[in-house]
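We just call them A, B, C and D in the order they show up, numbering each chain from 1.
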Amino acid sequence: MYFTLFITVIITAVFLVVAAYIMAKLLGPRTYAPVKGEPFECGIPTRGTSWLTMHVGYYLFALLFLMFDVETVFLYPWAVVVNKFGVMALASIGFFMLVLVFGLAYAWRKGALEWK
Amino acid sequence: MFDFSIISTWFHDLLMNLIGCPEWLTILIECVVVGLLIIVGYALLAIALIFMERKVCAYFQCRLGPMRVGPWGLLQVFADVLKMLIKEIFFVDKADKLLYALAPILVIMGSIGAFAFLPWNKGAIVLDFNVGIFLYTALSAIGVIGIFLAGWSSNNKYGVVSAMRGAVQMISYEMSLGLCLITACILTGTMQVSGIVEAQSGPFGWLIFQGHVPAIIAFLIFLVAGNAEANRGPFDLAEAESELTAGYHTEYSGMGFGFYYLAEFLNLFIVSGMTSLVFLGGWCPIHIGIAEFDAVMDYIPGIVWFLGKAFAIVWLLMWVKWTFPRLRIDQILTLEWKYLMPLALCNLVLMTVCVAFDITGIQYISYIVLAAIVVLAIIICVRAMKFRSAFARDQKLVGVDIAIKKDK
Amino acid sequence: MEIRKPSIKNIPYNEWKDNETLESLINELNENGVNLIVGNLDSLINWGRSNSLWSLTFATSCCGIEFMACGCARYDFARFGFEVTRNSPRQADLIMCAGTITHKMAPVLKRLYDEMATPKYVIAVGGCAISGGPFKKSYHVVKGIDEFLPVDVYIPGCPPRPEAILYGMMQLQRKVKVEKFFGGVNHKEDNPNPLVISDIPKNFINEMKKTAGEVKDFVKKEINDTFK
Amino acid sequence: MKLNPIEFSFREFASEMTKLKNEKNFDYLVTIIGEDFGTAEGEENKDDYSLGCIYILENTQTHERISTKTMAEKIDGNYYIQSISGLYKCAEMLEREVYDFYGIRFLGNKDMRRLFLRNDFKGYPFRKDFVASEEYSLEDDTEVSTTTEYNLDANGKVVETTHPLFKEGDFVMNIGPQHPSTHGVLRLETILDGETVKKIYPHLGYIHRGIEKMAEEMTYPQTLAMTDRMNYLSAMMNRHALVGVIEEALGVELNDRIKTIRTIMDELQRIDGHLLYLGCYAQDLGALTAFLYCMRDREYVLNVMEETTGGRLIQNYYRIGGLQDDIDPNFQENCKKLIEYLRPKLDEYVNVFGDNVITHQRLEGVGVFTKEQCISYGISGSNGRASQWANDMRKNYPYDVYDKVDWDQVVLDGCDAQDRYYLRVKEIEQSLRIIEQLIDNIPEGEYYIKQKPIIKCPEGQWYYAVEGTSGEFGVYLDSRGDKSPFRMKFRPMALTLVAALDEMLQGTKIADLIAVGAGLDYIIPDIDR
């Protein structure tokens, strides 16, 4: 049942946008000017292309995120059962948490958290 | 406490038995109804929030805000929406057309998907998976892709820079957002939205009461991270008005821009809603264990409780937005990776310890008081120091007086 | 269906200047009658547009500061529906050309105007934008932006007071209110000489423009005489 | 001051200037004035100009000022002067201005591009025989990507060397002309590496209105109209400088009433300008509420001025020989009310924005510029004083009644954006102090000293400077005894600020570029004139 609803929600979202787009396309006025389609840059024609290789700093954080996010995902199922297992849960996940914290500390030490 | 599921089951029976629709038709009708409800609620909330924002900021800024269109300017936002709906939509020539068109859909998908997890009332939750919270984080992450694609595909330099900023900021803050939710799950022992709310129903059952210190820390971190996740100032780097003109949606006109505008406010509401769901007990009324008082509280319907809590937090976040200047990209990342995330991790352990040794519940309220006092003291000290440093530098007045020569 | 006169809340119709231009515009638009449904649809759409005119943040000189003052605490144009100023022309409905436009700036302004999404309106704020103003005689100043943009409203003054700017913006609201959505006014480019609502009649502006050169020559002559 | 420039010949010019700087310690180049001195009597050689430059220098220790002059040499059709951009950093930009207006090429200047006018502009407008054309093109300006440097080789031949502006694969982003936080139509062509600024090429002239050229065709009273519209946030001071230079040339002696009123008005204008500055600073950092607070209080200041002058922004209050009109009867009372109202508000700004934690994080140690750099770049005024350079014209060359009033010159030593903010706040306090002392004892007397119907300045060259909102604002007047100036040149407050942006901001983030830009308080119509 919930899966059906889930699909419904997604479809609703798509419908909302597409409907509005179609309406705007149908009703909205249209004019043409030669420079209209050019990217806006404070009224000056763009020099070169915008799609250049970006600074590596961004990707560094993306990698960090990937690493930690994947690991935190494992915490979800564990979190649910903590109050059933009590101390055992703590012991069982303690090592894992240690790795996680160590990873962060390592990244920090290596200066991966500094924005360059 | 009124249970909304009565209505839904009644509606279901109506279709199945009285009218006698076949299974598939029933489900289809129900889905359509749900879809309509979502769209209507989404639109109405967005309009309410936009109006609220304008009035709130106007009053902060000694202005009046919209007041001429309709009574007290109530119709202002409708006028805006109407205008956007019929404003020209066009594509940039050199843009990546497919992604350019796809981006708003993703953003809205993310925000509506998350929106569907909010518990409006007992039994009035659209999506009530047993992995609800987990799925919520997954869905809300779609918005990041949308924003990134918008900036990147529109082939605009401000857009590209802003897309990079937005992506790196939002994914970073997902970390502490997730960790705070996990912290909550540890206490409630379930990821199902309704389950989480139920777990907070008892006297002083709200999580910030039950989980005292760790829960409060998680609550604060969640507020900050959520604010950053919703891309609102002081974290509005992605669409830094004064730096990148309009950021990732620079090239979007009419409704294309309108959807980002909607999504921004709805994300704000979703964050507030999630905060009230996870930490303030969703639609649970406040109970203090005295039967009469609790009974009176129960008379107030759950949706009022939920909306009340949510809008209180919305107002708080608006207050923050209109007060603080914008942060810089490196400062934002430092804040997340060096302060919030380690804190969230330690907080997670702390919560685990509390749960494992079963030191949760209202009797530890004293901890809260203690913590509150400490935090207050720290804040005051910091402010005081700031002031002193500032005014110390102010005193450095150097009167200069030199004999004047002019070559006359 | 009879044509309604555009009304602004709490301001009687007769207190507005230059109603003639507006009425002539109405008549021109509605020569061959108005269909009831279309008319009502139009008035609805115009209500939406006229009450939500977001301006582009475009200011070159003095008038820009007065325009800022317009948005601030005392005169607060958010009250009337000019809620925010957008920095991206894609999202702006209105370009307030506040200040002198020089020969170097003209292409930029034109480009900005072209990049805006229709419907788009232009207001010329201040003497410089209307006719070159005090800098008419300069070698580097455009004698009025209506040489290359279809101007909707002129707001005279150097710089106009915020009250004047608000008045001009409301005049624009009135003009938008009489537009025909299903007519041709949406396509400004097709409309070679757009109508103008303003305190100063168009021909007066042309007069000023014409004499610009002569004044220059006169002064030149004057100076030459004194040099001799 | 009356100028009697020391003239140097083309060859020895650079060496003489070096001597002046190193031995006599004239380390602050106030401005460079290009001029077309007109053909000499008798000879009617049309295509032969006598172009030259006048340099005004200051010794920042003794505050002694001298002026030097050199004439351009004509080498195969083009005019050349030796560049001093090696001595004074700001000279590079100032020489570009002269090149743009007069076509004088500077030997050894790295960057000889057009500064104000379009790259495809024909002719040099400030030469006397330039004929203006009405038509203009709506085509985008042609973007140049190289600069030219001219040098003399051993046997007096001119050699050209071209430097590229951009490298392959540079991420070039235009900030401006239409940008919310360039405070006008300044265009900063910025080379970025991710978020980091690698290089900034400022492009000016998007609001260049040729005021100086127009002034040459106007009578003296007519020229007054222009100055208010240059830096509309220091309208009074701009006009004050112009009126001052003309009065000095005419030898008009003002009475104390006029002087006192002018002082008060200047300070009111300063408060107005600084309030807007504080507001825009907050706005550019994203704190809109603080911005609206400042604008709200600015309206009160405007009210006070408006009652007397009748203008909100463009005041047109001073005139040659006095004032347009006497002060309003309520003026004094209103001023007192204003002072009462404004004092506590200053703390409010500091609490709401200036002393915010994030503000400190954003501004401290950003855009650092030392005293030496400031002097070399000629960054006078508040920005210079934030770097320990005590350069207030009101103290160093007191005009009007500033020397009779008790007030402090604010000098801070942070050299960064934060101090530039605080300095403005403290300056508003000082302005309030000055007004407070003067407002109650404005001496009796005439508000206008009668002048001849047609004003003709005697022959000679004068330079008169006042303290504007963001630096020294000076006016150079070259009169040939006619009823209109032969050459009038304004020293803009902010031109050198823009020149300094690149060095100030290399290696910082985009956000810092915005923050520092807002902190420098440049007004573009004042740069472009």
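As a working rule, a residue touches a chain if its C-beta (ideal position, glycine included) is under 8 Å from a C-beta of that chain, and two chains touch if they have at least 3 such contacts.
Model, not experiment: these values are computed from the prediction.
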{"item": "Far-end chain from chain A, centres as C-alpha averages", "value": "D"}
{"item": "Chain pair with the greatest number of C-beta contact pairs", "value": "A-B"}
{"item": "Distance from chain D to chain B - Cα centre to Cα centre, in angstrom", "value": "47"}
{"item": "Computed distance of Cα centres, chain C from chain B, in Å", "value": "40"}
{"item": "Interchain centroid distance [CA atoms averaged], chain A/chain B, Å", "value": "16"}
{"item": "Junction residues of chain B - those touching two or more other chains", "value": "61-63, 86-90, 157-158, 164, 241, 245, 250-251, 254, 329-330"}
{"item": "Residues of chain C whose C-beta touches two or more other chains", "value": "72-73, 87-88, 90, 108, 111-112, 118-119"}
{"item": "Numbers and ranges of chain A residues touching at least 2 other chains", "value": "28-31, 36, 38, 40-46, 54-55, 58, 115"}
{"item": "Touch-based graph of the chains, sorted into line, ring, star, complete or other", "value": "complete"}
{"item": "In the complex, chain D residues that touch chain B", "value": "1-2, 62-66, 171, 173-174, 179-181, 192, 194-195, 282-289, 292-293, 296, 350, 352-362, 390, 392, 395-398, 408-414, 419, 422, 425-426, 509-512, 514"}
{"item": "Of all residues in chain B, those that touch chain C in their complex", "value": "54, 58, 61-69, 73, 75-76, 78-83, 86-90, 241, 245-246, 249-254, 257"}
{"item": "Footprint of chain B on chain A - complex, ascending", "value": "2, 4-6, 8-18, 20-21, 23-25, 27-31, 36-42, 46, 49-51, 54-55, 58, 61-62, 64-65, 68-69, 72, 75-76, 79-84, 86-87, 89-90, 93, 97, 100-101, 104, 108, 113-115"}
{"item": "Residue numbers on chain B that touch chain A, as the complex places them", "value": "27, 31, 34-35, 38-39, 42, 85-94, 101, 104-105, 108-109, 112-113, 116, 126-129, 131, 133-134, 152, 154-160, 164, 167-168, 171-172, 174-175, 178-179, 182-183, 185-187, 189-191, 245, 250-251, 254-256, 258-259, 329-330, 333-334, 337-338, 341-342, 345, 348-349, 352-353, 355-358"}
{"item": "Residues of chain C defined as touching chain B within the complex", "value": "9, 44-45, 47-49, 51-52, 72-73, 76, 78-81, 83, 86-88, 90-91, 93, 117-119, 181"}
